[in-house]
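Handing you this structure, nothing more for now.
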Amino acid sequence: MLWFDIISGIVGGLMLILAFLAINSKKLINSVLLLSGLSMLAVVAFVMLKAPDVAITEAVIGSGLVTSLFVFTLLSTRKEAKK
Amino acid sequence: MIQYAAILLFVLGLYGIFISTNTIKMLVSLNILEIGLNIFIISIGFNYQGIAPILSSVSDTGLIYVDPLPQALVLTAIVIGVGTTALGLAFAKSIYQKYQSFDLNDMEESL
Amino acid sequence: MTIAGYVFMIIGGLFFLLGGLGVLRMPDTFNRIQAGTKATTLGAFSVLIGVGLVNFEWSWIAKIIIIIVFIVISNPIGSSTIAKATYYSKYKPDNLVQDDLEKRGDE
Amino acid sequence: MKKLFGLILFMGLGVLIILALNNTISFPKFGSVDLSDRVADAYLDNDNVSEVGSANIVTAIVVGYRGFDTLGEVTVLFISALGVAFLFSFKKEKRLDLKFKPNFMLKHGSKLLFGIMLVVSLYIITHGHLTPGGGFPGGAIIASGVLLLYLADDKFRSNIKGFKVLEGVAGSLFVIIGLLGLILATSFLENFIASGTVGQLLSAGIIPIIYVLIGLKVGSEIASVVDNFLTEEESA
């Protein structure tokens, strides 16, 4: 019980730090990648809360698909700015 | 402990939506808010002695499970989150094609 | 059998630790890729073999073999793609002695 | 300065939420939940489990007890995919140029990886009522496999019309199975196939069939969204 609180405190604190950095970072791509790291930590939190179904779904969607959609949007607009 | 972190994550996402003027930043903040909310909903049904709600061949009566209902709700909420994020990004891209910028302040000037 | 499995898991954890240290300490991107991929391959294999020894059942071993094949294919592809992307983004380390890819052209 | 003030204000809001939730009777203390006064107690009852036949209780809730909710959820996903396709519809479209020349190893290794991902996703979908996983993560894994093919080959376009047809067929079969429940049994989406013993692959009645359909629908929808994000208007 004590170990659970310690590890969940570490995971929660890291998540808060990553969220703050993602909101306040200057470059958009850094913000998107920090969001990807945040959702990987959320997977750890879901596994600790005994929710394996949700953890699998979040691992596939949060760190893979959503990040790639953000990156595609940034890529397609970057080239228009160059022209 | 993780429940408090989830609530603070939710509030931080709300702060990001209010404070940022960039559409991509707003969507990132919306995702942060969603993650915090999901963790909070799951933590409502948690029990220290509980195990994951999956019956195995050895398990019998007398075991404590965590609440499976919040997990079922969050499972669908995550998949809906992809849809809303994709729709928001599509709007952001079409806004960019009109104003050549993601920033809301630039749009005001060209109006 | 169980003790051997736990020994394998501890070895895998040590490999992961060394890989993390290598990523922190190495000077440029190419060296970091090298440290990271070696540690990932060996560490993941050791942990998976340890899990298979602790739970010695056919259903577990079949899944572990599939995971190992996945890592064997995906890890070289990913690291080579990162290296190539780093090269094409005009990043060159300071102490580069010989650049073979420049002579050979795009391939 | 304005940002700092906003941060302090919102942190104060968070502290107020924590204080408000801590001292109420209806809100339980973290980690000591008593399931006996909740609705989940009925789902975890032994008679109910043997009636539904699904070892994974989350799957039993998502598809069995709340199948109508899931139908609405899939519809929401369908509408958002439709909106994305609407916003990205151009007269002449072409594939987004990533300016990256794939080498031999990437092109052929990614096809091998796509096969493994497809097998894993099929395993996850068909074992949704026994192990963690099911239609939603399996469909998302199919979509990430398609995304891998898009990233590995700069000329690749998937058959987008085939995805649309697959999505429509899966969605209509979902509704047809629900209507069969209305005809053969008493209510919409009711289980009309005998649920075998708990823990076997061929058990749980219509739950595996519906979860396979959900997996196909989610996978094709997210894959078509990815395809839409990788197209742009041809400027020529």
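Each chain gets a letter, A, B, C and D, in the order it is written, and its residues are counted from 1.
As a working rule, contacts are C-beta pairs under 8 Å (C-beta built on N, C-alpha and C of every residue); 3 or more make two chains touch, one makes a residue touch a chain.
What you are looking at is a predicted structure, and each value in this text was computed from that prediction instead of being measured.
For chain pairs C-D and A-B, the one joined by more C-beta pairs in contact is A-B. Between the CA-based centres of chain A and chain C the separation comes to 22 Å, rounded to the whole angstrom.
In whole angstrom, the spacing between the mean C-alpha positions of chain C and chain D is 31.
The distance from the centre of chain A to the centre of chain B, each centre being the mean of the chain's C-alpha atoms, comes to 10 Å.
Rounded to whole angstrom, the centroid-to-centroid distance between chain A and chain D, based on C-alpha atoms, equals 19 Å. In chain A, the residues touching two or more other chains are 1, 52-53, 57, 61, 65, 69, 73, 76.
Contact of a single residue of chain D with at least two other chains is seen at positions 3, 31, 56, 58, 132, 136, 140, 222, 225, 229. Of all residues in chain B, those touching 2 or more other chains are 4, 8, 12, 15, 19, 43, 46, 48, 50, 52-54, 66, 71, 75, 78-79, 82, 86, 89, 93, listed in ascending order.
Of all possible chain pairs, those that touch are A-B, A-D, B-D, C-D. On chain B, the positions that touch chain A within their shared complex are 1-2, 4-6, 8-9, 12-13, 15-16, 19-20, 22, 24-25, 27-29, 31-32, 35, 38-39, 42-43, 46, 48, 50-54, 66, 71, 74-75, 78-79, 81-82, 85-86, 89, 92-93, 96-97, 100, 102.
Note for the complex: chain D touches chain A at residues 3, 31, 56, 58-59, 96-98, 124, 132-134, 136-137, 140-141, 143-144, 147, 222, 225-226, 229-230, 232.
If you check the complex, the residues on chain D that touch chain B are 2-3, 6-7, 10-11, 13-14, 17-18, 21, 28, 30-33, 35, 38-40, 43-44, 46, 49, 55-58, 61-62, 66, 69-70, 73, 76-77, 79-81, 83-84, 87-88, 131-132, 136, 140, 198-199, 218, 222, 225, 228-229.
Residues of chain A touching chain B in their complex: 1, 4-5, 8-9, 11-13, 15-16, 19-20, 22-23, 28, 31-32, 35, 38-39, 42, 45-46, 48-54, 57-58, 61-62, 65-66, 69-70, 73-74, 76-77, 80-81. For chain B in complex with chain D, the touching residues are 3-4, 7-8, 10-12, 14-15, 18-19, 43-48, 50, 52-57, 61, 64-69, 71-72, 75-76, 78-80, 82-84, 86-87, 89-91, 93-94.
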